[in-house]
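What follows is chain A paired twice: with chain B in the first complex and chain C in the second.
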Partner chain A sequence: MSKSNFTRRGMLKTSAVAGGALAMPTIFDGSVWADGHTGFLNAPTGDTVTLGFNVPQSGPYADEGADELRAYELAVEHLNGGGDGGMMSTFSSKALQGNGILGKKVEYVTGDTQTKSDAARASAKSMIEKDGAIMITGGSSSGVAVAVQALCQEAGVIFMAGLTHSNDTTGKDKKANGFRHFFNSYMSGAALAPVLAANYGTDRKAYHLTADYNWGYTTEEAVRSSTEALGWETVNAVKTPLTQTDFSSYIAPVLQSGADVLVLNHYGGNMVNSLTNAVQFGLRDKLVNDKNFEIVVPLYSRLMAKGAGANVKGIFGSTNWHWSLTDEGSQAFVKSFGTKYGFPPSQAAHTCYVQALLYADAVERAGSFNPCAVVEALEGFEFDGMGNGKTLYRADDHQCFKDVLVVKGKENPTSEFDLLEIVEVTPVDQVTYAPDHPQMRDGNGNAVAVGTCNPGA
Partner chain B sequence: MFGLNKKDFSLLLIVAGLLLFAPFLLNPFPEGSAMAQFNGGYPDLMQRLVIFGIFAVGFNILFGLTGYLSFGHAAFLGVGSYAAIWMMKLLTMNVVPAIIMAVIFAGLFALVVGYISLRRSGIYFSILTLAFAQMSYALAYSVLTPITGGETGLQPKLADPRLLDGASDDGRIPQANLFGLDMGASYEMAVGPWLFTFNAGYYIAAAFMLLAFYIAIRIFRSPFGMMLRAIKSNQQRLNYTGLNARPYTLAAFVISGMYAGLAGGLLVAMDTQVGPERMFWTASGEVVLMTILGGAGTLIGPVLGAGVIKYMENIVSKINSTILHDWFAFLPDGIEDLLVTLIYPFVGKGWHLTLGIMFMLVVIFLPGGLVEGGQRIARLFGRGKKDEAAAETEAAKQQPPAE
Partner chain C sequence: MDAIILQILNGLDKGSAYALIALGLTLIFGTLGVVNFAHGALFMIGAFCAVTFSRLLSLSYETVDPTKTDFLGNPAKINTPYVQDWFGMQTGSVIIDWAVPLSILFAIPVMLAVGVIMERGLIKHFYHRPHADQILVTFGLAIVLQEIIKFYYGANPIPTPAPAVFAGSFDFGTLMGFDPNTIIYPYWRLVYFAFAVAIIAGVFAFLQFTTFGMVVRAGMADRETVGLLGINIDKRFTIMFGIAAAVAGLAGVMYTPINSPNYHMGMDFLVLSFVVVVVGGMGSLPGAVLAGFVLGILESFASMAIVLETIPGLNQIIIYLVAIIILLTRPRGLMGRKGVMEE
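On to the complex of A and B.
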């Protein structure tokens, strides 16, 4: 007849408040806790396990979202033993067998974040509450990543961040249940500065145009502090509204300022427009302080490079991963992605694919889907063969530390995908920072701890 | 009863019944069946349906009664949310102060915006409210980042003072609660293959919904409501009788702003975070759609409209091609692929398309919104007064036709 299950931790409190008037929890007895397969939210009971892929399918980042989804579908195929296995063969950990995760076939649900934190949380919640997802992954904006990461922490599932570049995700907003493979603003700044100094000299005056929102601020701060450390001077930093499509009025003052480098802390359509405007104004042909005027774009993506077209030629920036990398892992991934979809993967696809594999591997190694066991397995985990060389999932902030690519817009692209060339692979030591680095602190300048894991139930 | 006539009271009872039994009504399909995809009876969606219902009911007090079309109501939702989260950060995770402050702050903000915007009417009024809402959005997104958290929004943090709560001992952020009753607490009842979830937060939101709906009925039936309708039908004539309409419209504006604030506060109570997108102009547009889709000027219409839109957003948008292939797997491959290709553009990321088509159909064929649809069906079957649909219809008939 009817059966009652108390599945949420809060229910215990409630029943205490209600004087135990409701009923007795039946599921929590010692023996079930012990075997590690129950006692946490959405513990997979059948022969399948459900993952939640929460990506932008509409809105400004829909292209990236579509690529992320392709990568996830590929990862699921590989985890279940289909396809050519992709990076599973090059991954240094050999725990994954191609028989799902812990012998359970991987199934997935998808949702549309609309690149809005409310919609992303609603979609993630429905995956957790309705579909029983044990892990949520994806996203293409730091606001969304921070919002969904906090939700997963509260609910008690693991969040494997997709594309999010702001320092905050593993800085002041870090959470025990959240993990990020993608690099961040600090790393972009630290990787770019030496290359810029080597190419443009240490005696430069920089002018920043910064998108007026959180990611813009952290990127400006990161690039400023690392270039200033090498002797550059920051002449001015101007905030530009996110909705701006024509940046001419912001670019005119750059020439009068005496600056000889323009740093565009812009992303997506903003960057495409501001870079196009800057090139159209002839900035790159100017000679200021007897030096060639230069433009820098801290964060590149292939989609942006495509949007800006010929304007990106010769312009430096950083990127998490690029399909032209020649290591074994990258080659294997590009091959299996290319075979399935007919074009090379973007960095968003790469980071999402890797995150899905890392999660599955952590579960295998932990021997349990329990989020706390997964956290333990991922913290301090070192791996290789996933495209960025040796990588560490640092325990203090759940941020991956790996080599960072400095890229340059290619002068003579051979195809529509061949827009960026790798200038330098910045070694991981140069981009590593202390967990309590000033850029990772909260508004009051206090260091934030990663906290304790939450298994939900 | 409660100062309502019989028809209104039965309408209130129907709403109470719908709210009470929503976990059953929204979960009609057994777990594990292919149709379970359409189940909406999980806590988050139920909470959202109710909260946006409150938002739409409040919006309708302004739009349905006075005819003033505000394009900026999401701003009040946002102000309420930010006020609520700050109460949680500063005072306590108990939702009571949060909700009270949300209503107060939204009301005050509505007073300012209304005082200025109501100097104009028609499209100029709409544009003014839209401008205010977009200003609020821009402020929250970047300028006021220290207060609003900017793009990344605000959430409770371990380091928050929470003066009344005391420090958390286990390194976890306490959950939003009502005097210890956790908003996320749920009781799951398995009946055969069905699984029904009863969520504490949902029932608290539903109680507010019932209260809000009751107040709305009273406003609709009061002399004040009559005055608002007079403003809608002909403001000029009203002026000629020597009556100044502005205090009435301003009162209606502030009341609807407070409803929006209540909705915003409840959103935070159920899900403790705020992001600035909540105030984006599309969010204001959404409540207009909800009201018109359901039937502007009717009592139950906005609630229905809110339900339909939130349901589509959360359920239809999650149907991906894999699920479609699962559904039609029993068909021969060619037909399966054809069906999936035909349906796919309308579900998943294409849910806006379905919503748009539905909206068009409703506006073209049922100008009175879904309520008019209900009326027509009721008329078709000629049901008696005791029937649910008829009672709604009767109540709706007393309203002026929608614009």
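On to the complex of A and C.
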């Protein structure tokens, strides 16, 4: 007969130990939760968390802003478990479960940047102070990105930049609370130059027309440096006012300058008009220095290509992402977006969607909305499945490093969306630079550190 | 020398747009005494008449082509314009290609109607109000109009090309004995200049050689006396407002191939056109035209690389500099009349 140890006292002791053991994780998690969700600005306390989408809803980039907003709404739907999940299924990190962020349903507020720095700061400030936004994202201008990024740093929230291509955003103006998924001017130059050399040769004379503001300067510098390194000569570089609509006075002298390539460091309406004018003046039909005259547009977007119409045919440029990419992530996003809205997403929509998911994922992995925990989770984070192959959020400057696309205006488009064709996917190694690269330094030539995060309150 | 000729050509082209807008502004100011800050919006609406007419010509029916796929991998939808069905593929394609010049026929009645409705519906209520009130209400109207256009057409520029026969450029250099590729000028810009000259000549001829024009000129000189003769001068002035709107609208229609239309293109021209009117002399139609071309040419010269290297930014201030100099030396502008805006 076996002796049983089952006594009343023993059962109570066992129950207490087991109960205590079972209770431990809960108590432990609870303390972590409390620690992780206090002591920073706009800590979400209820069942929801609010994100701030700051996009141009009026002004010349309103169409681009509308596409960004569509992407954000899609991201919110996917984060909350709706729709087909889009890139959440292809994203290499599996922290997102489709139940919001850390179990809190995602809500959002929107602001109108008007593509003006002061208006963008005002709308971001309002979303942070009045709406309790824990993260601000969006924008379609480097001026806006730099201004809003600085505001988010001061306030103590995370800024996930939208479309901003100037080196400065993660160069001299980088901030610990700011992150950029989009590529930059340096990368455009590094990706474009070899393709230009392969197609047009290394003995070329380039004439630059450059939009007279921050983005124009860094783009001109990047393209000049890269092409001159391959043997091109820069015969002239002329600044054009941002408000210029007719570029004929600038384009007419190009043929007389001896240049055989025109580089248009213009974006948006500037690019549409300058390219249209250049084609009107017959530059592309001319022979100069016994070579066909060529035009280059360093930064393309499908919306701009649509504005310029047939003038983009055969013209090289770079882009962050294009809907015709065949990788699993891109196709999942195109399917999601295209089914919901009836047309393919722009590169602006793509980068904004990815930024929203990356933020949510970082919070999940950090187990906290605390901006400093999010910064830690994003710094050095490597991921895949979001459309540009393996990508690194570099810790030194919070810039994403990934493959860069070189595209060309399509000669025979099959639809109004089919305007650009990918001619080269430049590997990330070719577009990577040192954090203290001269193009990323301040006006005195000094390297700028990313600084420390600010959790706000 | 070749560079100078090139910039003169450029200036004539810019001047054409300035002159046409300033002509309309002066017509309105000269007849109704209204400072119309919505005039740039009329230029923009004209451009969107071309966009709308192009779209009407391209109205299509949809068929599914199972052999092709769209961006989602579904069978592709093929759009065939009705015009091509009605007139045959070749003729239909030519009609669509000529959408911009053809849209003049569409724009004239639309712009006349817009002008008359604008004058009768809003501006007539501000005749006896200070110029500041007129500026505020017309500027507000301009913003409303451009927001309406943005709502329906979006903010992105919309390519509206010229007929294929006018694509490309003309080598003036070889014609004038210079080396090839020294003086290149786009065909459509030459068309635009010729069109502007024709419109300006037409407006002057209308005012000079028709009874209607004679009465309008008399009304501009002395409205009360003309009214006392039993002539309904208000009605004629309303029609003149419609004509001024049509002039601005046609300037916009023909401008679309030069720069893709967008909702704020009117604002880009408005302030400069007012400066043109002031330099030309308030109320002077010949002054507006002369100043339009002169300032257009000066602006082109100021945009030359060699000039900008010497004085950066001169092209952005040249028109205002000239305006200051003209107003200091000739307070009534180049061809201003005594008494206009001097009370």
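One rule holds for everything that comes next: the second predicted complex is superposed on the first by the 423 of 457 C-alpha atoms of A that agree within 3 Å, B and C clash if a C-alpha of one lies under 4 Å from a C-alpha of the other, contacts with A are read in each partner's own complex, and residues count from 1 in each chain.
Note that in this section contacts are C-beta pairs under 8 Å (C-beta built on N, C-alpha and C of every residue); 3 or more make two chains touch, one makes a residue touch a chain.
For clarity, every value in this text was computed on a predicted model and none was experimentally measured.
When both complexes are overlaid on chain A, the residue A:N99 reaches neither chain B nor chain C. Using the contact criterion defined above for the overlaid structures, shared-chain residue A:N292 touches neither chain B nor chain C, since it reaches no partner.
In the superposed model, A:P241 lies in contact with both chain B and chain C.
When the two complexes are overlaid on their common chain A, residue A:W215 makes contact with chain B while staying clear of chain C. By the touch criterion defined above, A:T202 reaches neither chain B nor chain C.
Touch criterion not met for A:T45: it reaches neither chain B nor chain C. In the overlay built on the shared chain, the residue A:D173 is in contact with chain B alone; chain C does not reach it. Legend: residue contacts after superposition of the two complexes on their common chain; A:F281 is shown touching chain C, with no touch to chain B. By the touch criterion defined above, A:Y250 lies against chain C but remains apart from chain B after alignment on the C-alpha atoms of chain A.
Overlap of the chain B and chain C contact sets on chain A: residues 58, 62, 239, 241.
Chain C meets chain A in the complex at residues 2-3, 6-7, 9-10, 13-14, 68, 70-72, 76, 150, 154-159, 161, 168-169, 181-182, 184-186, 188-189, 257-260, 262, 264-265, 268, 299-300, 303-305, 308, 312-313, 315-316.
Contacts from chain A toward chain B in the complex involve residues 1-8, 10-11, 13-14, 17, 22, 57-58, 62, 108-112, 116-119, 121-123, 125-126, 129-130, 141-143, 146-147, 150-151, 153-155, 166, 168, 173, 212-215, 217, 239, 241-242, 442-444, 446, 448-449, 451-452, 454.
Residues 58-64, 236, 238-239, 241, 243, 245-246, 248-250, 252-253, 255-257, 269, 272-273, 276-277, 280-282, 285-286, 288, 303, 306-311, 323-324, 334-335, 338-339, 343-344, 414-415, 417-418 of chain A are the ones that touch chain C when the two sit in their complex.
Across the complex, chain B meets chain A through its residues 39, 42-45, 48, 138, 141-143, 145-146, 149-153, 155, 157-159, 170-173, 175, 179-191, 197, 200, 267, 271-273, 275, 277-278, 280, 313-314, 317-318, 320, 322, 348-349, 351-352.
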